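Before we start, here is the structure in question, set down as structure tokens.
Chains: A, B, C, D and E, in written order; residue numbering restarts at 1 for each.
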């Protein structure tokens, strides 16, 4: 496997009595496209948000690019080079689509109060570059006709797209994406995955993605973790996993089996 | 169109002399709104009486009433408005000492005479701008002495607690009493309470724990009712003696049976003595007009208004400096409803006679009665 | 120190806050904003009660009933004329809050215009009182405490066991979805506003009977009321009960400590908030979760 | 066969912006209809306009032969029109159990309601395990199940579903489709918006393809599924 | 000077002072969504700091600066626990902070003379109100202009964008690397400093302050200015400040001519409330619309979409 970028060891997250993530260990190598699948409610979202510091974990370690991040808050983890897209988009609804994009870029000189006010040259140059990049991404996402629309006044799927676009804006080393294609038109979904794949190949970016659409997993991912009731039940290359009886049991399943 | 005080613009078609403007700044809203409202009524009564009696040399007095909002800044704004927009040369007010402090310099600069019925802070006495400020209330110092005297008369080394309003009035009296008691009594507890809060159980509890012989109270009728009612509930009466201030001595305080019963037992107060008959006439007129009893400072505000009117008559001009001088000359042993008024050169009332009063029960009603005069 | 008395005083303080906080929290949980006009609705209850019992001479229970109804109507009207149109237009929490402050202004000065700003005291009734050992206790205190507990329990049952209660919580949680579940959300809101304001009127009248009535009656206890509601967790009735006890105790003991430390007892109003902030930092949702059913 | 639900010439949007332009749609008694199309084409807006959640500029909506144009959704639901929104589709601060009770708010047959709740738990065992929890604490898929279960609790004659399968695992999605098939066979009409086009077109009898607020195609679902152009452009099924 | 003119200028000084405070609330609420209902506290801190410093002999320009710094410090102090709270809780907690501060000044008379208040020696001993007035107009005007341009720079910068993002969804902002606590604290400090400057100017102008000049009503008045003028619009809130002053003074003067059977103070306050409600109902965004962030990026994107228009 490629050099390890994200390493999760024995991570635990409880909600009151419920152990949503129950000692999960996993690894994502640099330049790897990793999928996390599993039945609804098995703890995927919880796992991702614990990694990203949105829901502090109750035990275990998370190492990212050689640093322990389990105690850090999201903005610190972001600064280390990770990005996150929420399962349910959390945009800035009163801001324009463009501003939603630009603000997400990393290391802007204008992030500092002093620069914003008094060193305008510094961020002016940056803005120019960011605006162009934002427009390119918006075109990719089919949103450029909404550049100046308010983010809150978009359809469910469009919001989902903008959520992804915002994460792309940050050009992180690694992205956590929670069901990026849910609610997105399949044609567009395919295009987005192709773009992510391109980023992986050209820029060496890494991905940890939660996804339910098997055709996307089959086509794009390098490695699959299957979760069940808070634990990793299975892992391996997609082609192998998909034929594994365990995968069939926990994920595809005979629908009436458990009732 | 409103008449201007200058006397050179005359409304067309009238032969009457133009109205004379008289400004009023009372705190119709804010913490002291209860008092402010009644003071305005007394002023209106005085002006109505004066106008019926021919006004100021034939001219009608026109009142301009502003709200000082129990806030020094707002009081100052009100005074500026009266002085500039309404061209008032004399203003009855402001009501609170704080507003006097904020507007005093302006009054001097702009030659507007302020006559306050109720600003009792001793601090005002020494201010450089005193020429344009006169007051018909005695200062807290004087009353403080009178209250202290009741304690020292009862013996030495008594334990004294304070239960006073946390404003310039209450704290002023507490300071004055403390100063007069220095070395002659021990202060065991000082509670400064917010007169707009309506519940003093815990404060009184605290005083009770300090086991004082005397409790000095400075407040007004409204909070006093609650203080005494709750003191009764906590059994904070005899043998503990309460000494309260003139602000409490209003008919309204006695309308509450529980508070009145407590007062009859355990409370005495001090009060600058008014000349009975004059005050009674005023009271009757007030009652006839408004169907209620006059309260705190209603007598001094009535006097202030009458003094202002008399001075304007005497000065016969709109020159406020002359009016100020006239007030001081008229105010020598002037028979006011709040007692005889004599000003010193600054425009402060010189020593007044105080009485010690108590409450007695007649059947189901309660009334105030004089216990003795206090001369300090 | 007379501890039994302090405990009793705490219970009295707490009970008043409890009624006030419960009524505040009903609308707070449902309409999602702190209604500052709650203060003036309380004052209104005080004034109406005063008018009925002191000026018209009717018995006090009648005064309480009328205060409940009139205050409730005021709440209903304020919802109908102000808060409903505003929320229909998508007003934000802050806008609703500012509107409630504005309404507070209107009510306060209308009350001031009608009854004046000078406080009024109840005089017709002299409450019987007893000395139990070192404790002084009066009938009105007992009534207040009993009423507060009854209201707390009754509302708790209403919210968790009855259909209308659940409809209220559903509407609070997601008004659009409530509508598409067939709940007539307007009716739910009307009922809630009425009951909430009515209870505020009762709280105000109790306060008035205990102390005095003025347009500032409600404002004086609004901040501790907020503290109790927030500490309890908006919308939680058991939470509010516990919070009311805590804050009642803290205030009464705190005042004693303040005075002993030689500090002004005016700091009393800070006490609930110091506790509140301390709790919120560790438990942002307050003592209970909002609208927890069980 | 008679139509239980029709919408004619719907023009709808937000504020004064027209999003949906002259769309007509109908559903036969016990029929099932799929609406598919690119993101932002106006599918949700169309559905919302039936219930008064989006502004209906013009058009006419009938339900069971009655004109329901302009009725608020608490009225339409008591007539038997159920709705599962795309987002915000559960009462977050109510327990699962209470969510289901709320679904049955318009019903008066309390015993039957209880039985129905148990039936829902059988279909969605994930929910039964968590019935005392707040719905706000559910995972994305669990929430979706609850939303559908809640809407079914009203025993609607027609159910409008806005992307019911989004976020659902393969197993759960199949489970829901099966359930929908069942109630459909018992006479409940279905109008389903879905991005999982393959599944929904295999499921529904008829389908509409909505593009930029207008109908691009309509007809038998199977036919549309086979339509090459549609497959490429909207369904993502070119492969 | 003509008396009426004096009065008008006097009103203008107030407009200026309150505009500065309204701008500060605009930074906090208008842009960042922080429901700061403790505005009067920082106004008071500025006023008292200025008064105490000037009394201690600090030259007044320096005292204004220090008042800003002290207010900013308190802004930071209060913000640290407060900004972690929900917006409604924040509102109530900050409101209470204002009240507690007033009680503190009243109770601790060793600090600032308690209920007696402090006199502030005039910054220019002209001994004449009109001259004093003109100096104050210039001073307040100059500082207002500075504050206005400061706010404009801020709003149309990346920092302004972050402020708006925090208003919309702070968790999301955190997730894209914006440390919400840090940014909110910075905004609170800026807002408090500006309110402090307003307070210092107020103390300087009025010459005498007591705790009772700092009631919660001042906070509400400032909110009214912002709501009326349009949160998120700097010009708007200045117009709002002017409008509120005009309204307050206008009704006071008007009542000399129109005699109502009711108390004018009550009428004024009732109208005050009605106007707010009407504005919220029919023009919820205020008189002026929120200005969009207008940065280079916006213009660049426009060119991208529409390459023909240069």
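To be clear about the criterion, a residue touches a chain if its C-beta (ideal position, glycine included) is under 8 Å from a C-beta of that chain, and two chains touch if they have at least 3 such contacts.
Because the structure is predicted, anything quoted here is derived from the model rather than measured.
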| item | value |
| --- | --- |
| Subunit A to subunit D, fewest steps along touching chains | 1 |
| Centroid-based (C-alpha) most distant chain relative to subunit E | D |
| Cα-centroid distance, subunit B relative to subunit E, in whole angstrom | 36 |
| For subunit A paired with subunit C, centre-to-centre distance based on mean C-alpha positions, whole Å | 46 |
| Length of the line joining the C-alpha centres of subunit A and subunit E, rounded to whole Å | 42 |
| Chain centre separation in whole Å, for subunit D relative to subunit B (CA means) | 75 |
| In subunit A, residues with contacts to at least two other chains | none |
| Set of subunit E residues in contact with two or more other chains | 106-107, 263, 265, 269 |
| Per-residue multi-chain contacts in subunit D, two or more chains | none |
| Chains grouped in pairs wherever the two touch, ordered by label | A-D, A-E, B-C, B-E, C-D, C-E |
| Contacting residues of subunit C [partner subunit D, same complex] | 163, 166-167, 169-170, 172-174, 176-185, 289-294 |
| Touching residues on subunit B, where the partner in the complex is subunit C | 28-29, 33-35, 37-38, 166, 189, 191-194, 196-199, 201-203, 205-206, 208-209, 222, 225-226, 229, 233-235, 255-258 |
| Residue numbers on subunit A that touch subunit D, as the complex places them | 15, 37-46, 87-88, 142, 146, 153-158, 160-161, 179, 182-190, 212, 214, 251-253, 255, 258-259 |
| Contact set on subunit D toward subunit C in their complex | 51, 53, 72-74, 77-78, 82-83, 85, 88-95, 98, 101-103, 105-106, 132, 134, 150, 154 |
| Residue numbers on subunit C that touch subunit B, as the complex places them | 1-2, 5-6, 9, 12-13, 112, 116-119, 121, 123, 126, 129, 131, 136, 138, 207, 210-212, 214, 216-217, 220, 251-252, 255-256, 259-260, 264-266, 268 |
